[in-house]
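Have a look at these structures, which come just after this line.
Note that chain A is present in both complexes that follow, paired respectively with chain B and with chain C.
Here is the complex of A and B:
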């Protein structure tokens, strides 16, 4: 009765005087925070503070060298959105890049993962072969493909010429109409194996009994894929959709290593433009504004997925 | 125990002696990109260490050297010797107080005695000397001697002759200029600066650089239209799409194996030409890039600059190294051993006599041209950074037909005017 009558501590002093509260606080609040503190401190110093600094720098005329900067408000954003016509072109290229990567590698990966999931013996060999391009450094991949696609001495052109096949002596990377799609093709050659392995791993976690049930119900292969496989791997597919959409706005290395945005800006994306502004034109403040805009795009994509999740989507 | 004490005492004594020795040696640091250049330059630069044991040079291999140096210097660190890709990069660093003024060292160590008069002026920022220019460069018209002889062609002397020869070369099935920008996209700017100098004339370029005439002046329009016509005719690399695809080794091989007749490129290409052509067995030679008037004129450029870091603990020692490095003797040794473009200093006739006559002639003619008002300007040395990037980025849009020559020059005018107003133009030697 006495225990029931005991008054719950309400003020901070009463709480600190109460041993039960102190133990609970230590176990549920303080210790978890202490465990996470090292990571949090590192995160604050290498992510949060630089991010805030980046936002501030985007509102200055900083050139990247001279520490004396002038605050110019939203001038960089105004220039970016209303005056810099090349930004719209780069954004358009980023969107095309995203559309490519949200379709081609997903279709390839889903198809091959489905095929490979049927293989009982020797599957590991196929998986390894298809995954190898993913572990190659981008410098290696781009060098290989620049040589393969060389219209004069490339292996494709010389082999086709030797076999009497025409049409391969095209400078795919030197034409404004094919440069971006060719780089996307090269990047995808490296990337899709990674998606395939993720989908395959996810497919293997689907209970076989579901396939048995589908077979009993008379489902053919396509119906099995549509009604069993796809719903089974949907969370990972949708998650990768979100990640690929975000990565599409960060595309840089393959484009930089192959064309540096050329010819004539045909393969220019926001990240290559940002690099040029920061390190070649010495417009680091303006480049920071572009970085903030990329972050806003990424944030918008995440927001869409968060909203879908709240509406009950299994992501 | 006795032995242990004795050994400890000896160890402490040795340690103390080593520390005293280490304190007496001043180390000057310099960052340099790894590769063939460092392999050749490194041992020569390190021979500085034999002169005075108390001042030692330490070369630190550093990838992406300029960006690494810039970041480190802005952060309060970096090497003692700060190397930049050209005079236009020095301006911001000097304004920010990141590098030291060198006037006192120049006077004390007599730099004016061996540098050409105009060369020290390139390092001035607001009247004070902040950098020393290195690697004198110019653009030349190289040609394949065997191809020319087989077809009875002679090197062109005027732009009209070049145009006529180009037609003949293309009709004979050769690529006119072996070229491609896939390895180095800024190589577009070589031609913009060269055509402006050779067609519009160096005096008009000087006027435009000093804001006396706009870049839309009709002489500039003519220069850019001729360049565009050459590009559209597929003279460079065998076609515009191939120009955008060909890598450096391809363009060297095209001239060496005789599939291309000529190449407009910098004097730095000589290093590779000697290798490629000795392998193919075909001859090469050069003439100055033909001008509209027929005048034998050369654009002048600098490959990089050297300054002293404001954070350097040993600026005196750094200046001592720079004095040795830029001396005609060291520059001559690097020219003969590595075919390094020399700093703009007077190299002795004896050293020049050791060189292949074709190479010696480049520097003799360049020296003569600079002394006799027959010099022009390379974009990477005399244009401010934003205009420079505009020149090589946007010119591709002209060649791909997205914008006209006039649109391009109007854009250049706008970017340049803003930099001129801000005072960001590198020093232009007056003429």
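Here is the complex of A and C:
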């Protein structure tokens, strides 16, 4: 024992000279890190470095192509928040988008998952069919609904005409008052089944004993939902509240594919504005500032949830 | 005796009551679910119907099934939409991303789950934070960086972006699968004289196959359907994936529903075949993936 202790290397040179230490280092440190390195390097190259550059770029007046770059501090942010009225409008649209997605798909998914969780036979078939829209590409979904919402031959127009109801031959996607909510409706058609599957999986992991106990206590269906189901699935509901709130500030592809922010900016959101600033108007610095602002919103939402959790809101 | 009899009698009544109640309620449940199922399916049915009609018929009969089935829309859409090229491109993006993600992610996850080198916790924190950074934060500088490195509009440029974007999800999922694997199996193999590489390929990989299948499906579906990054980083029609190419096709044939419907069916067909074959893995994988990112 004493001999071994004496031999134990201490300085880096002694360590390198010691063969067992070298072999251990190789096996427990170097090789594992070599396993991790390729993916980590790709990730740093694609995400971490550009993310840091983005913060710097947001403080310049760079256009994106010419080598002319000036550091202008927080001027882009000042312009964004106090001078650019279109940004306020976009932000407002993002908030409306968020209010839509924090209510409609959640209510739909909760209701449907509750219905589905009580079914024994045939549940799998419903589950699969209701999930199908979620695996479709955004280009496919938007193509389907652009056709269906057509004012002349669309599903609403045709059905309303057949029933003799007037007022539905409307270009829902081409009007300033209906464009944004129509796009949200289309995105939700694709999205809500995903939420439903998550809630259903969580409901199925609630011990049946709790439902039996509620029955014995004479709980009706609403009370059962309110006092057994809802507490059981609360963690996933709150987590998805956070994710959906974040995603609402990133919304892009459905809007871009259907209206590109139009008509007249009616469906413009921060991301579509950012895209135009960066790749069509060549205001890279200004676009980078918008990207940072989106990230700050996302970070703020996460912070709120972490704080609520700390306060004993067991999420 | 009597006490037991009472309890079982009560149970019986309770059960029968429940069964009765359930039976009544199920009608309502099925009614609701059928309405929601129709909401999910009717748009897809209309799409399928319209892809099999002439444009003329769509004008007269926009929603119902075709009176005469025509399949000409499919070859026409395939030609006009350059699907021969874009399908090939999308397959390249999907296969290359999945392959790289599984190999590199598998290696990293194995190191993190089993070897835990110093700094592992920091690395997990890095990926956790990175997974919350919106793409909008870095898309502009990334574009500039890709242009500087002459990777703009190349296959490997976009593939690298896809690999990085899916890296946190891959590592979290595969690592959790590997941690759940009992260590004894690996130790037993080592006792039998297997080296580290054999332990990985003969023991760990076969037993974590479901994890790799899940990640492959989630990543593959995401890349096949991806639009925003492809729109930003690829401008050469010869390297377009189906999504950005199809978006342009829809703009060009805006009012020709027969043709755009056929094109949409071409894109969703491979996804639907895979989905119907691997429903459970798809649904559970995407649910798991949705929570982990």
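Keep in mind that, in the parts below, the second predicted complex is superposed on the first by the 260 of 315 C-alpha atoms of A that agree within 3 Å, B and C clash if a C-alpha of one lies under 4 Å from a C-alpha of the other, contacts with A are read in each partner's own complex, and residues count from 1 in each chain.
What we mean here is this: a residue touches a chain if its C-beta (ideal position, glycine included) is under 8 Å from a C-beta of that chain, and two chains touch if they have at least 3 such contacts.
The structure presented is a predicted model; accordingly, all values stated were derived computationally and were not measured.
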Superposition on chain A - do chain B and chain C clash or fit: clash
Contacts of A:241 with chain B and chain C, given as first, second, both or neither: neither
Chain B versus chain C as contact partner of A:77, first or second or both or neither: neither
Which superposed partner A:260 touches (first chain B, second chain C, both, neither): first
Contacts of A:25 with chain B and chain C, given as first, second, both or neither: neither
Chain B versus chain C as contact partner of A:225, first or second or both or neither: neither
Chain B versus chain C as contact partner of A:279, first or second or both or neither: both
More chain A residues in contact - chain B or chain C: C
Partner chain(s) touched by A:153 [first = chain B, second = chain C, both, neither]: both
Touching partner for A:139 - first (chain B), second (chain C), both, neither: second
Set intersection of chain A contacts, chain C complex versus chain B complex: 64, 146, 153, 279
Of all residues in chain A, those that touch chain B in their complex: 63-68, 146, 150-153, 170-171, 173-176, 179, 259-266, 276, 279-283
Touching residues on chain B, where the partner in the complex is chain A: 67, 70, 74, 92-93, 95-96, 98, 181-182, 185, 239-245, 247, 250, 385-386, 389, 393, 396-397, 399-400, 402
Complex interface listing, chain A residues touching chain C: 27-29, 31-33, 35-36, 38-40, 42-43, 45-51, 53-54, 57, 64, 108, 111-112, 115-116, 118-119, 122, 124, 126-140, 143-148, 153-155, 158, 189, 193-194, 197-198, 201, 215-216, 221, 236, 239, 243, 246, 249-250, 252-253, 256-257, 270-271, 274-275, 278-279, 284, 287-288, 290-292, 294-295, 298-299, 302
Residue numbers on chain C that touch chain A, as the complex places them: 14, 18, 22, 25-26, 28-30, 32-33, 36-37, 39-44, 46-47, 50, 58-59, 62-63, 104-105, 107-108, 110-112, 115-119, 123, 127, 130, 132-145, 160-161, 163-165, 167-168, 170-171, 196, 221, 224-225, 227-228, 231-232, 242-243, 246-247, 250, 257, 260-261, 263-264, 267-268, 271-272, 275, 279, 282-283, 286-287, 290-291
